[in-house]
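Shared between the two complexes below is subunit A, which has subunit B as its partner in the first and subunit C in the second.
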Partner chain A sequence: MLRLEKTKENNYDILSITGEVDASNSVILDEAIQELIAGGSKFILIDGKNLEYISSAGLGVFMSYLEDFQEQGINLKICELTPRVYEVFKILGLDQLIPIYQDKTMAFAG
Partner chain B sequence: MVKLPAIHIGKLSLLLSILVWLALLFVDLVRLFGIINEMDSGISDEITWILEILFFFTLYGFYSYSIGKNIQSDFLNLLWRAASTGIFASGVALLIELFYLSMGESKLASEPFLKNFFYHVNFALTAVFLISSALLWKHLILYQKNKPVVKQWQAFEFAMLGSMFFVFFNKNNFDYSFLFGMVILLVISAVLSGNLKWIPYLTFKEKWKSLLFLFIILICTGYLFRRLLAYSEAETYQVNLTDNLFLVALFGFIFIYALFSFLVTLFNLPTSSVFEQKLTEAINFQRLSQSIQPEENEEQVLDILLDSCMSASYSDGAWIEMNPEEQVVGINQLRFLDEPTKQELWELIKNQKSATDWNSENSPELLQPVPLKLEHPRYESALLVPLVINKSTIGRMVLFKEVRDGFNKEMVNIISTFVRQACIAVENHRLLNQAIQNERYQEELKIAQRVQKALLPAKLDHPDSFEICAYSNAADEVGGDYYDTYKLDENRYVLIIGDVSGKGTSAAFHMSQMKGVFHSLIQLNLSPAQFMIKANSALSKCLERNHFITASIFLINIAEQKICHSRAGHVPTLFYQAKEAKSEFMLFDGLGLGILRNKQYENHVQERTFTYEAGDILVLITDGIVEAKNQKGHQFGFERIRSLVEIHHTKSPREIQNHLIDSLHAFVGGDGMIDDDYSMMVVKFQSISS
Partner chain C sequence: MKHRLNLSCQTSALSELRAFLQQALHKASLSEIEKHQVTLAVEEVCANLIIHSHGCNPQDLIHLEVKDSSEKLIFEISDHGEAFNILEYEVPDLKKVMVEKRKGGLGIILVKKIMDEIEFESKNGTNTCRLIKWFRS
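Moving on, here comes the complex of A and B:
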């Protein structure tokens, strides 16, 4: 089960992910991010408060945009990951490439 | 042992019947001689009768054998046999009659012995004709037999048997008892003559032929009967052989059945084309359902369909065309029409209201054939038939007739049935092809599985100073987990474990690339961190955009008891230290391969060097183990692995590995429940090699 919700706050496009991201539904996440880019957003914040699990395929979605975002000057941040999901990001080393914050306010400030 | 020659029943009975006939002739001639010379020959009438009955029996034996042997369900053949026997018997009788006519009042004409001889010949041939025909009739009557008919026939045979012996009781008098017996036998014959099931199976032409044969048989029967009556009236024979109830009843039977057959065949002539049509339809059904073999194409079925429908509806023209989006393009069959006429007709049909309704119908499975009226100089009615497979229209068939309202309800029904059958055949054919295709893919996957198994090392390189074992399991046929070992020199060994993101075929391809990268780079004598940097650079060129690989590499120096380790985003490795009896997952910075595909990657990879001692254990795992979930959604996690290793640290690597896998399976509730690839490698160090 995966549910995505887009909101706008403080100049940021916030993408809230609820449920699990795996190989079967990572395409949906990919499409949502592409829509945000197409919509011209420059600040994207992924809200992972309700993200229960992310597989390597899901991580691959974030990874595939790293270079594009750098080139286009798009700012991608992640916040409020559960400890288990944060560990997955940390093991892979994505925490070194994508800033991960404890909550939204810190993300806006960071 | 003396071997008896095999008794040939046919020949034997024929020989017997000839002998009996000769004996009969002899006995009668002797008696005649006695009467002429006014001597008592001492031969009673009963002897003649007994011989006569014997003659009937032997004839019956011969014919039931010879007909039974040559039994063919060819009715014309049977009829011809009876007719030819009749012609022969009548021919001989006619010749004898002509002979006496030509003799006039000469002495030879009144010669009693010759007369008697001819009488016997006539009698024998008539008996042959009657008995053989009766047996042939038996085959016709018992065609498609059921129990009541068989019972009736048996009753008839018994009655006939009784009638043979009637002569002893009746003494050859034409009295009421004779009449009574004859009436009973004729009634049974008439009842039996209702069994004419063979007639509908004759074709039109065969019916004409059988009419001819039956006519011959009727004529011969009538003529022979008249001849015998003439003999009886002549009263020149001491013992009358032919005023016999058996023979007279047989005459009746042969004549009645032949007459019935003749009339029924005659009246069946006009309807025989209908029966033939139904038979063709039944055969066409069978052809339609059988015609498609896997290697054949659909065109053949549509071909048969078109022919069958045309013959069922007596159409004067037709075509079948498939919808252009259907895979079988180019099927466009025309019958008795040319392309311009077809276009012309289609223009006429297209503009009719019912045809446009038909085309816009949303649920094709409800489509029915539509009969249409046409304003065309030649074709005045048409039938539009949809070909529907699996709730979608694949094409249409259009039939034309030169008469108005040419397609009646029965034709439409039969055509619908044909079309349904053909569509089922086409659908089955397609499904079968799909199944074959799928099977081929399965085979390919099996090959891929075998090839991939070979990519994992069958034998792991290790010195005596450490023991090692490894295990890997893919969620699908092929997977993306990888482990390997490499011996750099006597003292230096390399271990690697890797995990490609995602699973299945794409992961398997990347895994094989990983193996290639490992075996090329490892020979360059790189440090673990350097190895990761080079591997990242190599894999960046070939990994798909959203794919990455995580890996852990260990360079073990057994001389110095040192391990140099680098981690590229991989699940941390558990290191158990026996001396302190504690273990830890070695987590430090290290980015997965293929995530940063440029020089910056160098900043995100580190290496750690540490020493080991005897009894220390390394457990390399992939995330499939850590993330394996049970029914409650809990992960197997790092802590379970750590405590299991601590509990079983004294055991061999193989045993530790088995404990881990068993607990993993017990945790998730069966091997099939893990939907990711999972692998592990367990290393246990011994004391220093000396």
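Moving on, here comes the complex of A and C:
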């Protein structure tokens, strides 16, 4: 099960992910990010509080945008990952490429 | 103790795989974070087979057997598709994945970092990938 919700706060487009991202549904995450870019978003915050699981299919979605985001000046941050999901980001070294914050407030300030 | 699952080659079966592994790993001597990681590694191998070796054909099956002893867990994944030898696959550099916007390759990095040993053999049309995780006591 995967549910995505978009909200706005402090100039950020917040994409909250609930459930599990795998090879069967990562395209939904991809489309949601594409919609944010198409809408002119410059600050994107992924809220991972309710993200229970993410496989390489979902991690690859984030990876595939990193270079474009750098070139286009789009700011991508992630917050509130659960410890087990955060460990997966760390195994891949994705925590070195995407800023990850403990909570939303810290992400806004960071 | 042995647990067996026949998995249909469609990505929608991956959630069934995770539910099976949760049951199979219930009593394993691993932390919750380690159980999460080995589940991910097994899923990555199965997802690769489903998508690349079987073209998401739901008629095809992957056989998974989980064997646990007092010292290690063995995940034996076998299929009759096109052989993919994970040991021969050169792990891409993360920056290269980013620049080339490749969505593949990350899964194999995860499998190789999470598992302690990986074995592969292809015999009489059956490919078997064995993922081994040792318990640290």
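The working rule: the second predicted complex is superposed on the first by the 110 of 110 C-alpha atoms of A that agree within 3 Å, B and C clash if a C-alpha of one lies under 4 Å from a C-alpha of the other, contacts with A are read in each partner's own complex, and residues count from 1 in each chain.
In this section, a contact is a pair of C-beta atoms (placed from the backbone, for glycine too) under 8 Å apart; a residue touches a chain by one contact, two chains touch by 3 or more.
From a predicted model like this one, the values you see are computed outputs, not experimental measurements.
In the superposition on chain A, A:Leu92 makes contact with both subunit B and subunit C. By the document's definition of touching, of the two partners only subunit C reaches A:Pro83; subunit B does not.
Contact with both subunit B and subunit C is seen for A:Val61 once the two complexes are overlaid on the shared chain. In the three-chain superposition model, subunit A touches both subunit B and subunit C at residues 23, 53, 55-57, 59-61, 63-64, 66-67, 84, 91-94, 97.
On subunit B, the positions that touch subunit A within their shared complex are 499, 501-503, 545-548, 550, 568-572, 587, 589-592, 594-598, 604, 623, 627, 635, 676. Per the touch definition, subunit A reaches subunit C in the complex via residues 1, 20, 22-24, 53, 55-57, 59-61, 63-64, 66-67, 83-84, 87-88, 91-94, 97. The touching residues of subunit A, counted against subunit B in their complex, run 23, 26, 30, 53, 55-57, 59-61, 63-64, 66-67, 84, 90-94, 96-97. On the subunit C side of its complex with subunit A, the touching residues are 10-12, 14-15, 18, 32-33, 36-37, 40, 43-44, 47, 50-51, 94, 97-99, 101-104, 106-107, 109-110, 113-114.
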